[in-house]
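These are the structures, in structure tokens.
Two complexes, one shared chain (chain A), two partners (chain B, chain C).
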Partner chain A sequence: MKRSLPATLLLGLSGLFLLLLIGMPFWWVVTGSFKLPQEIIARVPTMVPHSFTLQHFAKLLSGSDYPVYMINSLLVAGISTAITLVLSVPAAYAFFRLAFPGREALYRIILLAYAFPSIVVLIPLFGMFARIGLIDTLAALVIINVTFALPFSIWMLRSFFASVPKEIEEAALMDGAPPTVILRRIMIPLIAPGIASVGIFAFISAWTEYVFASVLILSDAKRTVPVGFSGIIGQYQIDWGLLLSGASLAVLPVVILFALVGRWFVSGLTEGAVK
Partner chain B sequence: MAELSIRGVRKSFGETEVIRNVDLSVGNGEFVVFVGPSGCGKSTLLRMIAGLENVTSGTISIDGADVTHADPSKRGIAMVFQTYALYPHMTVEENMGFGLEMAGIPADERKRMVRRAAETLHLETYLARKPKQLSGGQRQRVAIGRAIVRDPKIFLFDEPLSNLDAELRVRMRIEIAKLHADLGATMIYVTHDQVEAMTLASRIVVLRDGRIEQVGTPLELYNNPDNQFVAGFIGSPKMNFVPARVTGRTEDGAVKLAVDSLGLAEFAVMPRERNATMPETLSIGIRPEHFLPPGTDGAMDVSLGLGAVEHLGGVSYIYTEPGRDGSLTAEVRGLPGLKAGGLLPLAVNPDTCLLFSTEGARL
Partner chain C sequence: MKKRILGLLAGASMLMPLSAFAAPVEITLWHMEQPPHRVARIQEIIDAFNTAHPDIVVKQEPQNWGEVYAKAPAALSAGAGPDMLFAIPDFTPILKNIGALTSVADFVAELDKKHDFVDSTVQSYSYDGGVWAVPLYNMAMSLWYRKSVLDGAGLKVPETWADWKAAAEKLSVDGTYGIGVPANKQLYTDQTIYSVMVNGGATEIYNEDGTLRFNNPQTVAALDYYAQLQKLSPPDSTSWTWGEAEACFVSKSCGMIMQFSVISSYDTQGGGDPADLGVAPIPHADGEKDHNTIAYANAVMLLSKDEAKRKASEEFIRYLLEPETYGKFLNMEPGLFMPVTADGAKAESFWGDPMATKYKAQIEQIIANSQNGRLFGFTSGRTFPSIAAISAQNVIAETLQSIVVGGKSAADAVAGGQDRMVEVSK
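After this line comes the complex of A and B, so read on.
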């Protein structure tokens, strides 16, 4: 396709604008975390750091509970993501493939999980968790995260299943594959981009979850990064260096996750199957 | 190789009946082609044989064993889909071997079987490729390979060539015919392309609205159709149907007709049953290719208006009133200079004409 010069220019400029909009805060935070304290609070901000120091990271990792929070967060987000995937893939396949009475109604009802603001369900949930002894456990956070990630994941994966041509499943059926094998060997590889998207969604929502983590966790040793970190940065004054280095480290797992699963986001996975 | 028998099979989707009481026997090693207009149920019937659609009532048996409710993989059949339906994330070898793997055949044995099938289809050099690295014809060959590697009793083909371009279609058609000759397997083939039907089939099954209209060899259907639908469906361009009045009978039983639109009188056509009683009005069927040069022995001269003329090189088609009901089509040869307008003298031999009642039954 050939584009006119103004159109190309417009596309380029909007791309640049978006890049700056998203990239600038990143740059600011990450470079700031390596600056000396005086430079961070300098009256004239510097885009390119003049100084370099690891003192904030050293302070963060050895002088605070940040590593503990990080491990807690990784545990909660990792386990939440794994459970979400293990449950949502077969559930979505069932909603897509099995015909049972009330399927469509049930399929819509699961979205009710999003009908209430989390703050509304927080108090009754606290009561329930207190009764079964889940207050101040990471398991409580995992349950919450999975509960809220599942409905959307199921919806999303069902549409990915629906995009797989019916004939491929029928061919597998003719080949004598039982449903579990069709799911594992044929369908899951074909909806890998969907699984990657759902995985990232589940991980990020668990990673950034604040409200439940701040209420259901009581002891400092069990806090996750969002809650624990907000306590580090200072009760009386803000330690900017600590804040910036902590924020830089907090985005690291998400960036690594994107890099790892990014290769699954390839288009045309079913190319060659039916055309 | 196997025999297939379909007895009183029906299929309904809710209120709508899509297959209405079909009976059919397919013999060992036969190549049976299902044809019919879209929505006639030909693909549904094939999918019922495959086990991909439930049967509402009736039985399907293969080699005498009732498989009406058996799993697709337990029927000893293989199916080639219109859209190939290859597993895109597997190599050609894995695609062809998947069914064998599911059947529990050990890996080295599987490899040998896949190689043998690949040789039959000239796919040896592509075994390590993924489907997206293949051309359309190669993909279809892999789909066929996936079927033959399992050595099924019956092959099912669901419009396997309709995604290919014209040239490739002819080549694959010949390959499928050769495959049938080599394997001697029973094959059932669905198509809407009557050239495929005529060239491949040992018998053709013509379906309409979920019913079998007629079963026969290609030439039987062409020469001796049971009704107007089959007569019109087999043959291209389509058979002409011209209203006529019965004016009497000859001594040997032929029906004397007046065909006003062609200016024919005392046109004596032999009915299928010599002694059958005739209605007062009926239609005669004349194939476009049965129009003859004027003055041919045994034929009666007619004049056709030249509404439109199409030259295809070897033959030309003339249409009397293109686009209108009752327009006639004639195929003529050796008239490359013919132009629209005026009249063209031709002739019709009554022996090549067929008679149909106004309800469409053959007389």
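After this line comes the complex of A and C, so read on.
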């Protein structure tokens, strides 16, 4: 069916409006990080920079602990993502394929962990972590991030497993493949887009986590970007250049991750799997 | 006998290295001065102290005001808290109530004898028969303006509320706002409203018996007046914190603002002409005579129960308040942090800083304004534990919001504000 010209025009304009709505703040933040301080706070905001400077990035990278925060965040988010994937893939497959008592009840209960607001468990967790010496360690953040990302990841991946045609698994079973081989050699390659989605979800959750990182970490050298960055921009006197340059750099890892993993989304791995 | 002597000598030789090289006392300082240049300045002072005191090692762990209210009690109860922790008056009752503090009255008296504290700074921490923190630096709200802007409009520096509103109206031309006052449910708004309240006779929010007296005609008049000023402010002022107000002034979008200091931003982004930067006391109500303001005496609490660590903490604070060191400490943010001691206010280390020299007139005015500084809930010895909740939940700012956003009358809003204070105090 061919769309009429007014409908196409309306669709295009709506798309452009949404693009501007979402894109303009990013544009303003990124271009602002290259402006001179006077231009950043100018009475009439400039969408296209009239000045160019790298002073904010230089100050951020050489005059603050921002690079340390970045490394900590990359470590925490990377390790959290890896552990989440290693645990959630077999767990989701077990919930999808294996028959064991209480499977359905357990499947629903695990999501309860995701339903709790983090602030509710913050103080009890602090006490527990203090007793086992995990306060002020990146390991504490990894444990928290995995704990909160795992339930939703299992739910997501079980749906991906369910979307794989049953005939593929049956063919493998007839050839005598045990469940672990089916999972490793057949199912994981087929649900790669799902694993990529869960990986991105786990990475972004860990990358942006603030509440636990702000309380469980005590020393500056262990801070992650969200917490460390909120401190260096100041309270009574905000350094707007530092704020914009830090925000621009903070989105870089996520953008790079999307650029790398994004290809997995379009690969359409199940295409042609069943002939 | 010979064996015994040899044994003693052997024992002594084993003990000697232990006593000769006893491990230094390690103490941790938590503060909320997180911007990198402030952390660097505090580290310079710590390094100098550690070098001069080989038996003590101080280390700093900067924290964030946003989290420290929850983090400090949790850390202390888990045994992971600091030995020294910076504070503002409404933070101290929280730690006092969980038994984390012991009075430092004797130590403050010793320091007062030597350096002469500004009385109001000690009063903010004096209640329930003790002094709960050692004042370190002061911040007082002032009215900031550009002399050229007032002169250009044929205006004098406003003295009274009537002058102030007239000036704000006259300066509201050509897309600029005569004044920028916040109306966010946030601490900055609490501070600016109280700065107006204390200039309209609404200083006390408690009666002597601890009951609330927020709902009174002076408070209603102050909030009503503030709401009128807010109408002359930028429309986004309902979400402002300190930084947005400062940017509004420095970019010449706002003719006047109330702020602790704009010196640093004005110098780097606003032209930096000290002759054009004006600072004045907050105008008072037409029936009042004196100018008052809100002042935050920042202080340090001593938390360690260990005698050696406590003594080491005291030694560090003594060092910090010595005039040779104190100015360096205050100038971690030039023009923002004011001295709380008489000898600190004259210290060469304070006035010798290039920024302090350049903006000497403005800094002298801020110090003068701070002499009449008050803080809601910490006046006339009327300090009650509920002030921590009232302050933490920004009830004063919430009351203003119900006028400027909710459309209530000032009288209804203030009555509702008092009810809310009672509610959060339970």
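The criterion applied here is as follows: the second predicted complex is superposed on the first by the 270 of 275 C-alpha atoms of A that agree within 3 Å, B and C clash if a C-alpha of one lies under 4 Å from a C-alpha of the other, contacts with A are read in each partner's own complex, and residues count from 1 in each chain.
Criterion: a contact is a pair of C-beta atoms (placed from the backbone, for glycine too) under 8 Å apart; a residue touches a chain by one contact, two chains touch by 3 or more.
Computed from a predicted structure; not experimentally measured.
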Clash-or-fit label for the pair chain B, chain C on chain A: fit
First (chain B), second (chain C), both or neither touched by A:G63: second
Residues of chain A touched, compared between chain B and chain C (which is higher): C
Touching partner for A:L122 - first (chain B), second (chain C), both, neither: second
Vertex chain A, arms to chain B and chain C (CA centres, degrees, nearest 10): 160
Partner chain(s) touched by A:Q38 [first = chain B, second = chain C, both, neither]: second
Chain B versus chain C as contact partner of A:S214, first or second or both or neither: second
Least C-alpha distance (whole Å) that remains between chain C and chain B when both complexes are overlaid: 50
Set intersection of chain A contacts, chain C complex versus chain B complex: none
In the complex, chain A residues that touch chain C: 37-38, 41-43, 59, 63-65, 122-123, 126-127, 130-131, 135-136, 214-215, 218-220, 227, 230-240
Of all residues in chain B, those that touch chain A in their complex: 50-52, 71-74, 77-79, 81-89, 98-99, 102-103, 130-134, 136, 139, 146, 150, 163
Chain A residues touching chain B - in the complex, by the definition given at the top: 165, 167-168, 170-177, 181, 185-186, 189-190, 268-275
In the complex with chain A, residue positions of chain C that touch it: 32, 34-37, 39-40, 61-67, 70-71, 74-75, 77-80, 139, 175-176, 241-244, 246-247, 250-253, 260-261, 264-265, 268-269, 333, 336
